[in-house]
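Each structure below is given as structure tokens.
Two complexes follow with chain A in common, the first pairing it with chain B and the second with chain C.
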Partner chain A sequence: MNITTRIRKFPFWSWVWFLLGLLYFVMPLLATFEFSLGMERDVIGFKAYQTAFADPEFLETFGYSVFLATMTIIVSIILIVPTAYWIRLRLPEARRTVEFITLLPFVIPAIILVFGLIRVYSSPLNIPFTEVTLIKPLTNFNFGTNVLIVGGYMVLGLPYMYRSVDTGMRTVDVRTLTEAAQSLGASWYVIITRVILPNIRTALLSGALLTFAIVLGEVVLASFLGIPAFGPYLFLLGQHRAYEPAALTFATFLITWAAMGIIQLITGGQGQAAGAH
Partner chain B sequence: MTHLALKNISKHFGEFTAVNDFNLEVKKGEFVSFLGPSGCGKTTTLRMIAGFETPTNGKITIEGQDITDKAPSQRNVGMVFQAYALFPNMTVAQNIGFGLRIRKEPEDSIKKRVADMLALIHLEQKGDSYPYQLSGGQQQRVALARALAIRPEVLLLDEPLSALDAKIRVSLRAEIRAIQRELGITAIYVTHDQEEALSISDRIVVMSEGEMDQVGTPFEIYNFPKTVFVANFVGSLNTADAEVLDPENGLVAMDGVQFEAGEGTSYRKKGDKVKIAIRPERFNFASEQKKANVVDCTIANITFLGSVVRIQVIIGKTKFNMDTFNNPFLELPRIGDKDQVSCSREAVLVLND
Partner chain C sequence: MTQTTLPASKMPTPRSNLRNWIGVIPFFLFALLFIFLPSVRLFIGSFTNADGQFTFENVIELFTQKYILDSYLLSIRISAVTALGGGIFGFLLAYSVTVGGLPKSLRSALVTFSGVASNFAGVPLAFAFVATLGRTGFVTAVLKDVFGLNIYDAGFNLYSFMGLSLTYMYFQFPLMVLIMAPALDGLKREWREAAENLGANSMQYWLRIALPILLPSILGAMILLFGNAFGAYATAYALTGGRLPIITIQIGAQVRGDVLHNPNLGNAMAMGMVFIMAISLAGYSWLQGKTERWLR
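Right, the complex of A and B next:
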């Protein structure tokens, strides 16, 4: 092979676009990181990180958001995996409608969603035509508010989770795998837990990662529902501090990726998933 | 004794009839192929046996037991798919043992069965490999072992060789047949490849537009097709419009050229319009071998196909293909030559349209 052929074969433009994309995503992160190191005048150090982490409110709000994110991911998986699976298997004609529904969070702002939630769930649920209350207003107690916000987060994460799961299912041809498992005597529970879920693990993980990131950074829903989450904390901190929010933003980014890495490690010992090779 | 029976099976998808009044009885250990073009209903019929589709009408029984309404997981029917359908997250051994684990068999017996199955498909060393580490042919052998591991009543194979290259197809089909014979298992095989069906089956069901056109041994299907569709679909064939001249003596005429047919005219009347069909290999040059039908022809074309030389001749106004085995000393005529070709009475088939 001569040099001209080699040069011709080298995907020059692909690399140019890749590097441009990489810079576009990495530069703001690096800038944030660089800024977060300059809290003390003329010294490059981690002072901003020390101050931020020392604040007990940080741990409290961060832990709370991680809990909400975990709950959101679990509920999303429980709702979305069987839905996407059933649509692929039995209701392909419903796919366009469901895809449209999953895209609604892109066109309906979070502020509308939260006002809708408050409007509907701030009144008690009575037995029709009576004054007997079945459920008191969800906004009036902690568990109820948590349910509301997890529901809201699930809606915000819907486009990402649904698309990831649906793509994962397309990659492994769930229909044939289901039929193969059925012919071997497997029940629906076995098919979902031992055949489908392990084979869409990569897709689930990417959906979970996006949901996690959305929940950690979300401000509107948490603020209006009065939830002490990490998003509003970071927002408030940014109003009167400069370096700590930058440090926390960068740290959150690293923690999110580390969390996903741990999930991958924990679930990754069972061999190769279909989409992973 | 009948092992698998399909009685008056029909399947409609809305207005569309995929399978119409399908009847078949399969003996234990028999290898039956469903052969036909795309959309003829062969896969739908197979899927009804597997339980993935429910018949609109009719009944399916295995060993006399009605399984029509049973779930696929309750039928004990093994299935091999065109796309292999191995579970990507499991090793070869785990794939083969999957059905046994579902049945909660003891771990020792699963291990033994998996080892036996691996030996059967000659992949003893691949137990710990993942499907993506195997070739297409190896994956399909694993799929076969997985389907057989559960000791199914019936083995269903849905175009299992279509995704493989030609050489592997030929060797694997022989392997499938050998394994089926060794285990004595009843097998239903769906294919659109007539050579595959002819080479592997005890009986072939030729299907078109949801109906059974003919059921018979490969020999019967090839040599005595009952319809133009079967004759055309299985092997290559010359067909031409003709008219019955003498029903008693089997005389028919095509473009004024007379042919004597073996059968198929006795129940017709003089003047009936029919189709005659003659396989290319049933023709000879009249100088080589004198037979019942000797007709004048003109050489129109000669095509070399390797082991066979295809000579196109014009008889009357109709073009016929004539196949002759190639040999280095073959003296071929030239295009435009006048000659005579012959064929036996039995070679001339009078068919239903």
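Right, the complex of A and C next:
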């Protein structure tokens, strides 16, 4: 190979685009990191991180978001796995309807969802045509808003969770597995928990991590429902502090990175994108 | 779990019977409570006046109130610009790591990074961009100190249309990379070889063969990007504090009750958004059908 063809073979423009993209990715993180280190005058240090992490309100709100994310993931799995399984096994004619529903959150942005939820659940649920109240307005008490926000987060994560689970079930032959388990005398409960769930654990993990990444930084549902989660806390902190929000932003990025990195690792690059923008 | 209530006697016959629908009741109940009821409530509300009677007033007001129409247009403009810009840049990036001749290892790095960036949005993203391109931001300072270029004197402002677009780009082009990389893999080597054997150069191959095949998936992906930006709220709110009145921010103000006169107008504004999103999604699924003919 002579020198001219070698130059011609060198993918110059590909490198240009790639480096440009890399720059776009890295710059904001570098800038945030650099800024977060400058809390003490003339000293480069992790003071902002110490202060931010030591704030009891941070621990509370962050813990609350982790709790909400965990609840969302658990309830999603309980709801979606049996549904997807049932559709594969017994009810293929419901597939199109259910898939359509799982795509609806793409059409209904978070701000619209929370608007609708508040409109519906801020009035009490009465027995029809009477004044007898069955449930008081969900938006009025703690447990009620928690139910609403977990439901809302489930909706936001629905497209990713369902697709993840459904793809997982396609790769393992659920029908054969079920037949094998039944011929050994397993009950439905045992089939789901001991046969199906372990076989789709990769799909579950990637769906769960994605949901976790969505819920952790989510601010729209949480702030409109008045939930003391991490997103609203970070937003408020940004109103009157400078360095701590930068530190928390960088930390959030690292967590998102860890979640996505694990997904890439376990699914071999089949990860999906989501977002609560 | 409803399944436990059903007899585990024998494997199903493929014929459906009504009892099988019991298994999906929990899912439909969930969809009813958390998706359909809220949407239907907004839908009914947008055709109701303050006294609870049917009216078209709210919907008409969407088109006659200048500030609402302007908000829709601003949202559409910002979504279109970032979908186009993010789409083109994302496509070039996806091209560079798939068929562009870069080492294989860079591909998985880029895909992982894209997965992260497309999920890195909302408040943290806004803060990161303030630290980057704000008045005292890192890049702003570097440009000033090293290149002697003060971008704020040159008319740039992070808290404007352009600044918000640049911020949105951070989650837009990675999404394009994630969608386009598999599509570019679908280009068969034989097509290129056949074209070259017939004497086509690289330019002709791309313009006459590859791009026409990819066009539906490129357009489809850009529509997704459009919807992605159109529904965004937190990023814009955290960055501009509501000074850039895109439609999601206007709706947010309605939910908060900042705007006094007509609560049902808020419903109509929300329905207008859902309508635009639904059209986008319909366009997307139509284009998907076209794509599948070639790229499978």
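In this text, the second predicted complex is superposed on the first by the 208 of 277 C-alpha atoms of A that agree within 3 Å, B and C clash if a C-alpha of one lies under 4 Å from a C-alpha of the other, contacts with A are read in each partner's own complex, and residues count from 1 in each chain.
Please note the rule applied: contacts are C-beta pairs under 8 Å (C-beta built on N, C-alpha and C of every residue); 3 or more make two chains touch, one makes a residue touch a chain.
Values in this document were obtained by computation on a predicted structure and should not be read as measured data.
Peer 1: For A:234, is the partner it touches chain B (first), chain C (second), both, or none of the two (neither)?
Peer 2: The second partner, chain C, only.
Peer 1: Given the touch rule stated above, what does A:45 touch, chain B (first), chain C (second), both, or neither?
Peer 2: A:45 contacts neither chain B nor chain C.
Peer 1: Answer with first, second, both or neither: which of chain B and chain C does A:226 touch in the superposed model?
Peer 2: A:226 sits against neither chain B nor chain C.
Peer 1: Taking the superposition as given, does A:198 touch the first partner, chain B, the second, chain C, both, or neither?
Peer 2: Once the two structures are laid over each other on A, A:198 reaches chain B alone.
Peer 1: Quick check on the superposed pair: does A:116 touch chain B, chain C, both, or neither? Answer first, second, both or neither.
Peer 2: Only chain C; A:116 stays clear of chain B.
Peer 1: Look at A:187 in the shared chain and tell me whether it touches chain B only, chain C only, both, or neither; answer first, second, both or neither.
Peer 2: Touch partners of A:187: chain B and chain C.
Peer 1: What's your read, chain B or chain C touching more residues of chain A?
Peer 2: C
Peer 1: When the two structures are overlaid on chain A, which partner does A:177 contact: first (chain B), second (chain C), both, or neither?
Peer 2: It touches chain B, and chain C stays clear.
Peer 1: Between chain B (first) and chain C (second), which does A:63 come into contact with in this model arrangement: first, second, both, or neither?
Peer 2: In the superposition, A:63 touches no partner, neither chain B nor chain C.
Peer 1: Could you pull out which residues of chain A sit against chain B in one structure and against chain C in the other?
Peer 2: Overlap of chain B and chain C footprints on chain A: residues 179, 182, 187, 271-274, 277.
Peer 1: For chain A, which residues are in contact with chain C within the complex?
Peer 2: My answer: residues 9, 11, 13-15, 17-18, 20-22, 24-25, 27-32, 34-35, 78-80, 82-83, 85-87, 89-91, 93-94, 98, 101, 103-120, 151-152, 154-155, 178-179, 182, 187-189, 192, 210, 213-214, 217-220, 224, 231, 234-235, 238, 245-246, 248-249, 252-253, 256-257, 259-261, 263-264, 269, 271-277.
Peer 1: Sort out for me which residues of chain A touch chain B in the complex.
Peer 2: Within the complex, chain A touches chain B at residues 172-173, 176-177, 179-187, 190, 195, 198-199, 201, 270-274, 277.
Peer 1: Would you mind writing out the residues of chain C in touch with chain A in their complex?
Peer 2: 1-4, 6, 8, 11-12, 16, 20-21, 23-24, 26-27, 30-31, 33-35, 37-39, 41-42, 45, 89, 92-93, 95-97, 100-102, 106, 108, 110-129, 131-132, 137-139, 169-171, 173-175, 177-178, 227-235, 238, 248, 251-252, 254-256, 266-267, 270, 273-274, 277-278, 281
Peer 1: Any idea which chain B residues touch chain A in the complex?
Peer 2: Interface residues on chain B, with respect to chain A: 50-52, 71-79, 81, 83, 85-91, 98-99, 102-103, 130, 132, 143, 146-147, 150, 156.
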